[in-house]
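Labels A, B and C are assigned to the chains in the order they are written; within every chain, residues are numbered from 1.
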Amino acid sequence: MKRQVPLVLCFLFGIVMILTEFSPHSDSQELYKEVGRWYLVITPFAYVIGVMTLVQVHGTRIRRRAEYWQYSYVVFAGMILMVVVGMPTFLNQTPFFQARGISFGLQSPVFEWLFEYVQVPMEATTFSLLAFFIASAAYRAFRARTFEATLLLISALIVMMGNVPIGDYIWNTVMGETPWTDGTSWARQWILDNPNLAARRGIILGVALGVISQSIRIILGIERSYLGGD
Amino acid sequence: METLGIWIAAFLTLCIYSFLYRDNPFYRFAEHLFVGVAVGYGIVVQIHQGFIPFAWRPVETIISGEASPMDFIKLIPIAIGMLFFARLSPRHTWLIRYPLAILIGIGAGAAIPNVLQADIFAQVRGTLTPFSQLGTLGAGEIIGAALMVIGVICTLTYFFFSVEHRGAVGGLSKIGIAFLMIGFGSAFGNTVMGRVALLIQRVDFLIEDWLGTIF
Amino acid sequence: MLEKIMNMDRRIVFILAGLAVVIPTLLPVSLPITVSEPTQKLYDYIDALEPGSTLMMAFDYGPSSLAEPEPMAEAVLKHCFDKKVKVVGVTLLIDAVTLADQLMQKVAEEKGAVYGEDYVLLGYRPGGFQVILGMGSEIASIFDNDYAGKPLSEIPMMENITNYEQISLLLDLASGSTVELWITYANAKYDLTIAAGVTGVIVSQMYPYLQTGQLVGLLPGFLGAAQYEKLINSSGKGTAGINTESFVHLLIVGLVIIGNIAYFMTRQRGES
């Protein structure tokens, strides 16, 4: 029950997806769509796992008074605030809230305000920190130690300069009245269109072969790591 | 409300940037608030845009008494999806394997034919097609096409670990590494553009929007 | 001295990077922008669309990466509304839907586009590739309502749009792996024409798909946004941003060169 049934289910649903993909018969196509519908119905429930894990982790932190446990209350406060403002759309029909012009839901002004002025700035700023770290990492670690590292470095510098208008501006200023204008953009485009394309295609082919072989192993029950322990 | 929002957004932005100096309570506050708000937002969207249309509406149809016998079949995936709640009980956690196995099986089954088509057939065709049009290509394009074939073969050779990388295979694999390094270099150059763009957007907000409310 | 240069406190690099952004933002410059071929291809494709045809725009980016795709989306929306090309908005990412809603409303207001006639936002549905596959057979099987909850049957624009057969182009504005999903499940299976506008991080991996024609055009990061703004003669965040970006790239290139000179000089000293 614990391991065999999931393996059988995985096999059945996988095989049905493959067979119905190649069969144009209307019944077969109906089955294909039905299986797809099952996937769509089950998927939203999977979000539950993520939320439960977060709640458990921060609940445990508060209970055990772990380091910085007070901040876990901030996590819960933020989460509850969004849910309270965004969830109860049924309250929009009640005279009490209608009379006061208060609305709930995804498009309620308060929910959108919280998203625009609280979530967006924090999320965007957190990821923008990477700009500082990438600048620092480039300075400290980008060394032409070997032939391969030199190729990487030269390619990166050309693409970096080709990505911004000042690259062509410098090139055109230095080259003056020659027929070779916008050389930095040209060099960037050449790298992306040729060596980069070849390397990426090699990676795509390798990854695709990996995905297919792994999918076959999953359907046949050879790969079972998704079942976890026990 | 807009001005208040801009001030709050600016305060939170500066809280997070304070991390550049070192870890501090302002940063930790903003970091935790970000996690909470983002998860709360995700819950609301998932329920309104996922759970209600896909899982609740069929139930609603049945409750309203307008359902056909076929509509009852829709309850099966809902019941399977609800097994994810078994995560709440340590003794029954294993039940989440049922919905998980179905999702993974469907994903794997859908991937095989489509990935084969999109990533293998189309990519191999793209590598060989220029050679069927050699007469119409210029010198630069012929060199590009040859470079592409050499690059693809050498990169694949580098990733082929079933044979020891010595002799001719070793040579091809070394050329493959050179292609990969140029590819990764270009990816780094583009990544710098992407990361810096994020910073520019935030600085633009602070200068144009926030300072704009003062000056 | 060389040791000092090589082991410079990283906070000095942070300050330099910050200044390289702040100063050009306060004192903006305008440098000529060269349009690359992938951007031109996308522009030409959209420009050649007949008025009344439909473009599906997938807003597959969240607040963490909106700096690049948002100006792209804005420029393409302006182009579409000017050309009377209808736009259907969707997203596969959970945190993108409010961004898409706000942006579509803003551009529509500016261009006088009418919701339900010139554009529609279907919203978000979980399920990634199954959402793509489902819309291929019938959009209403995935989105029975639009984002605001209005049934599709009551939206005039959606009367004649039932699946990908009525979509002239799908433009995926992405910060992750969704472009590959659209290519694998919409282009390979339903022959849907696809283009992409992506963040810098994933630009390089798009080129094999461009060469095969699986992508008919590509907006490469901030540069792509600026290039598209140039093509539609409407400078925006992309143009301002890429000009500022120039100085940060110059700084980073300069730092890498200084770091390498210091490294080679130290190594030479060590050898002698």
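Miscellaneous remarks
To be clear about the criterion, contacts are C-beta pairs under 8 Å (C-beta built on N, C-alpha and C of every residue); 3 or more make two chains touch, one makes a residue touch a chain.
Every value quoted in this text rests on a predicted model; they were computed, and no experiment measured them.
Steps from chain A to chain B, minimised over paths through touching chains, total 1. When you average the Cα atoms of each chain and compare centres, the chain farthest from chain A turns out to be C. Averaged Cα coordinates give chain A a centre that lies 3 Å from the centre of chain B. Each chain gets one centre point, the mean of its Cα atoms, and the points for chain A and chain C are 15 Å apart. Shared interface positions of chain C, i.e. residues touching 2 or more other chains, are given as 14, 17-18, 64-67, 95, 97-98, 125-127, 130, 133, 147, 200, 203-205, 208, 211, 220-223, 245, 248-249, 252.
Taken residue by residue, chain B touches two or more other chains at 20, 38, 41-42, 45-46, 49-50, 54, 106-107, 110-111, 114-115, 119, 123, 126, 148, 183, 186-187, 190-193, 195-196, 198-199, 201, whereas all remaining positions touch fewer. Multi-chain contact residues, meaning those touching two or more other chains, occur in chain A at positions 36-37, 39-40, 43-44, 47, 106, 115-116, 119-120, 123-124, 126-128, 131-132, 135, 138, 153, 157, 160, 163-164, 192-193, 196-197, 200-201, 203-204. On the chain B side of its complex with chain C, the touching residues are 20-21, 38, 41-42, 45-46, 49-50, 53-54, 57, 106-107, 110-111, 114-115, 117-119, 122-123, 125-126, 148, 183, 186-187, 190-201, 203-204, 207-208. On chain B, the positions that touch chain A within their shared complex are 1, 5-6, 8-10, 12-13, 16-17, 19-20, 28-51, 54-55, 58, 74, 76-78, 80-85, 87-88, 94, 96-116, 119-120, 123-124, 126-127, 144, 147-152, 154-156, 158-159, 176-193, 195-196, 198-199, 201-202, 205.
Put simply, chain C touches chain B in their complex at residues 11, 14, 17-18, 21-22, 25-26, 64-68, 94-95, 97-98, 123-127, 129-130, 133, 143-145, 147, 180, 183-185, 187-189, 199-201, 203-205, 208, 211-214, 220-223, 237, 240-241, 244-245, 248-249, 252. For chain A in complex with chain B, the residues that touch the partner chain are 2-3, 5-7, 9-18, 21-22, 35-52, 54, 68, 71-72, 74-83, 86-87, 89, 105-106, 111, 113-132, 134-135, 138, 147-149, 151-160, 162-164, 188, 191-209, 211-212, 214-216, 218-219, 226-228, 230.
Listing the residues of chain A that touch chain C in their complex gives 29, 33, 36-37, 39-40, 43-44, 47, 106-107, 112, 115-116, 119-120, 123-124, 126-128, 131-132, 135-136, 138-140, 142-145, 153, 157, 160-161, 163-169, 182, 185, 189, 192-193, 196-197, 200-201, 203-204.
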